[in-house]
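Remarks on the structure that follows.
Per-chain numbering from 1; labels A, B and C assigned in written order.
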Amino acid sequence: MTPNDFLPVLITFFVVGGFAGITLIATHILGPKRYSKEKHDIYECGLDYIGDSRKPFSVKFYLVAVLFVIFDLEVVFMYPWAVNFRHLGLFGFVSMGIFLVILTVGLLYEWKKGALEWE
Amino acid sequence: MLDLSIVMSMAFLVEKSIVTVFIFIVVLAVVAYATLGERKIAGYLQDRHGPNRAGIGKHKLWGILQPIADGTKFFMKEDIIPDKANKILFVLAPTFTFCAAGFIMAAIPFGDRITIFGREVLLQIADINLGILYILAIGSLGVYGIAMGGWASNNKYSLMGGLRTVSQMISYEIVMGLALVALMIDHGTPALRQIVIQQSGPIWHWSVFSHPLGFLLFYISVFAECSRMPFDLPEAENELVAGYHTEYSSMKFGLFQFGEYTHMTLASCFIATLYFGGWTIPWVAVPENPGLIWGIISFGVLWIKALFFLFVFMWVRWTLPRFRYDQLLYLGWKKLIPLAIFNIFLTAGLILLFQKFGIAG
Amino acid sequence: MQGVMFIVLALVTLFSALMVITRKDPVSSILYLVLTFFCFAGFYVLLGAQFLAAVQIIVYAGAIAVLFLFVVMMLNLREPEAEEGKELIPIWKPLGYAVGIGVGIVFLSYLASSPGPAIPPLNGGDEIYAMGRADFLGKALFTDFILPFEIAGVLLLAAVLGAVALAKKKRV
């Protein structure tokens, strides 16, 4: 495993990205362009739109994102453990057990506090 | 005199470029026909024909040219960017969604080695040691295309659709990660080619038989990640018009659609690879010196398995009703995540027991 | 090959990092931040730390930047109006320059004293690169560094409690 093994990944990036780019340019050139005020307005079920969509939204989404970051970190810690589990044996089981119990306490806390409720 | 290592690496680059382009074309073809397949399956499930007109000349051939007709129409439509939209992000969003889906293909083992013109070529773009982690990493980037599309459109429906999708995808990403941890405990590596080879032999070597719960969790989270039917809230048309792509037209909309189907197709390949033996055939040993025929067969075997899961995606879509948004998050956080943690302990505990009593797990 | 890759990556990183702090539109700023994180992952790959590269993308680009994006979208930032000439406190600008120059001097003096870039040689054998794999990292983490690992768990617990306490406070 050397960095050279990642060159094909880079090739994939170029191939897929190139395809998407060419597609967008092609559709821009091929399609007709007729400007009209109504057509280029924001869609709101056919009525004139009211206000702006740059509105603050529920703090719930933010809470989900925060919890996601924390749990994602937890999962990231588990990958190197999982790969080595067969060598670590009972010791690995217990150490990850402690780690997970600590985090399950967190999950239970937010559960009891109602952070997972979406009303 | 030419440096031999440069010649070697040039040959390597050329070989990999050809493999990449070949696999990409196959994926695109499958994706294009998946759009037709979806409508056909929807048709049969609802006791009607589905698209059946776009054939060759007089022969309708079950609408075999429908994807080409659709594609042409996408290209010829007007490319509208709303006045109030953030122009750059609005154009970038579909590109990003499609790319994030397409990049997944780099790590998937599409087949065994194949011998062409005396050169042994691996039917996998990058046999990297990261495998699963690479796919998880790229999958976690898919969120941006949708968030960008929702935000840049400056439309209330788009914004709500985008936000919902992001929350849903990140919640189920944890479930997916936890389910894969259990799988990695068993295989001891995130490298996909090794995982496939470990599953060769009798059919009960397939991981789905040793990880039934993990497979179920993973499969559910794949549905949520692709925002497919029971979880297609981002596009809940009776609430949000069309969600984050309400304002999109022409091929920009097409790329969103294409991205969704690419994501589904490659996710099907990923499921087949992880839990159903990938390109191996049950009871058939992986040959030491694979020739041309074996390479083609292994490639075909993976696609047969993947197409089955692609079919299940569509079958489910036209069978199940949609979740409500709070139900979706409850399911993710209150049911699936605790279940996934339990699954990890179960797997780890069983492996310890097997090790203790000397049974090869 | 790796030298060329490094220079290309470094240029892209510098460009996107500059864009992060110069964009007026906060959402574009964050997208450039994601690009910067992606480039960091590229550096990790060049250094042979593949697992860290994946973690860099999963955690930073895939999770933390999503959080930033949510915050920015939530703060109701529309296309920013020009606010030039509206200095908050006149001391901030010179202070900022001073800190910037100071940090720059520290970095440059470090660079001057360090023995040069630590990129492993391309033909340096697989052992060097194997160090960056998940299994090697795991072996170290679960033998020598087991206590820091468990403490990290406590830290994450504290983060959960903090997040819930902050977000739930406003509710009646």
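Points worth noting:
Simple rule for what comes next: contacts are C-beta pairs under 8 Å (C-beta built on N, C-alpha and C of every residue); 3 or more make two chains touch, one makes a residue touch a chain.
What you see is a predicted model; the values in this text were computed from it and never measured.
The set of chains in contact with chain B as well as chain C comprises A. Pairs A-B and A-C differ in how many C-beta pairs touch across them, and the larger number is found at A-B.
For the pair chain B and chain C, the distance between C-alpha centroids works out to 28 Å. The distance from the centre of chain A to the centre of chain C, with each centre set as the mean of the Cα atoms, comes to 17 Å. Within chain B, contacts with two or more other chains are made by residues 9, 128-129, 133-134, 159, 163, 166, 170, 173, 188-190.
Multi-chain contact residues of chain C (touching two or more other chains): 1, 50-51, 55, 58, 62-63, 66, 70, 73, 133-135. Among the residues of chain A, those touching two or more other chains are numbered 1, 4, 6, 52, 54-55, 57, 61, 65, 67-68, 72, 76, 79, 81, 83-84, 92, 107. Against chain A, the residues of chain C that register as touching in their complex are 1-2, 5, 45-46, 48, 50-51, 55, 58-59, 62-64, 66-67, 70-71, 73-78, 122, 126, 129-130, 132-135, 137-139, 141-142, 146, 149-150, 152-154, 156-157, 159-161, 163-164, 167-168, 170. Chain A makes touch with chain B in their complex at residues 1, 4-9, 11-13, 15-17, 19-21, 23-24, 26-28, 30-34, 39-45, 52-55, 57, 61, 64-65, 67-68, 71-72, 75-76, 78-79, 81-86, 89-90, 92-93, 96-97, 100, 104, 107, 111, 116, 118-119.
Here chain A touches chain C in the complex through residues 1-4, 6, 52, 54-57, 59, 61-63, 65-70, 72-74, 76-77, 79-81, 83-84, 87-88, 91-92, 95, 98-99, 102-103, 105-107, 109-110, 113-115, going by the rule given at the top.
Across the complex, chain A is touched by residues 9, 12-13, 16-17, 19-21, 24, 28, 74-84, 91, 94-95, 98-99, 102-103, 105-107, 125-129, 133-134, 153-160, 163, 166-167, 170-171, 173-174, 177-178, 181-182, 184-185, 188-190, 241, 246-247, 250-252, 254-255, 325-326, 329-330, 333-334, 337-338, 341, 344-345, 348-349, 351-352, 355 of chain B. Chain C meets chain B in the complex at residues 1, 25, 27-28, 31, 34, 41, 50-51, 53-55, 57-58, 61-63, 66, 69-70, 73, 123, 133-135.
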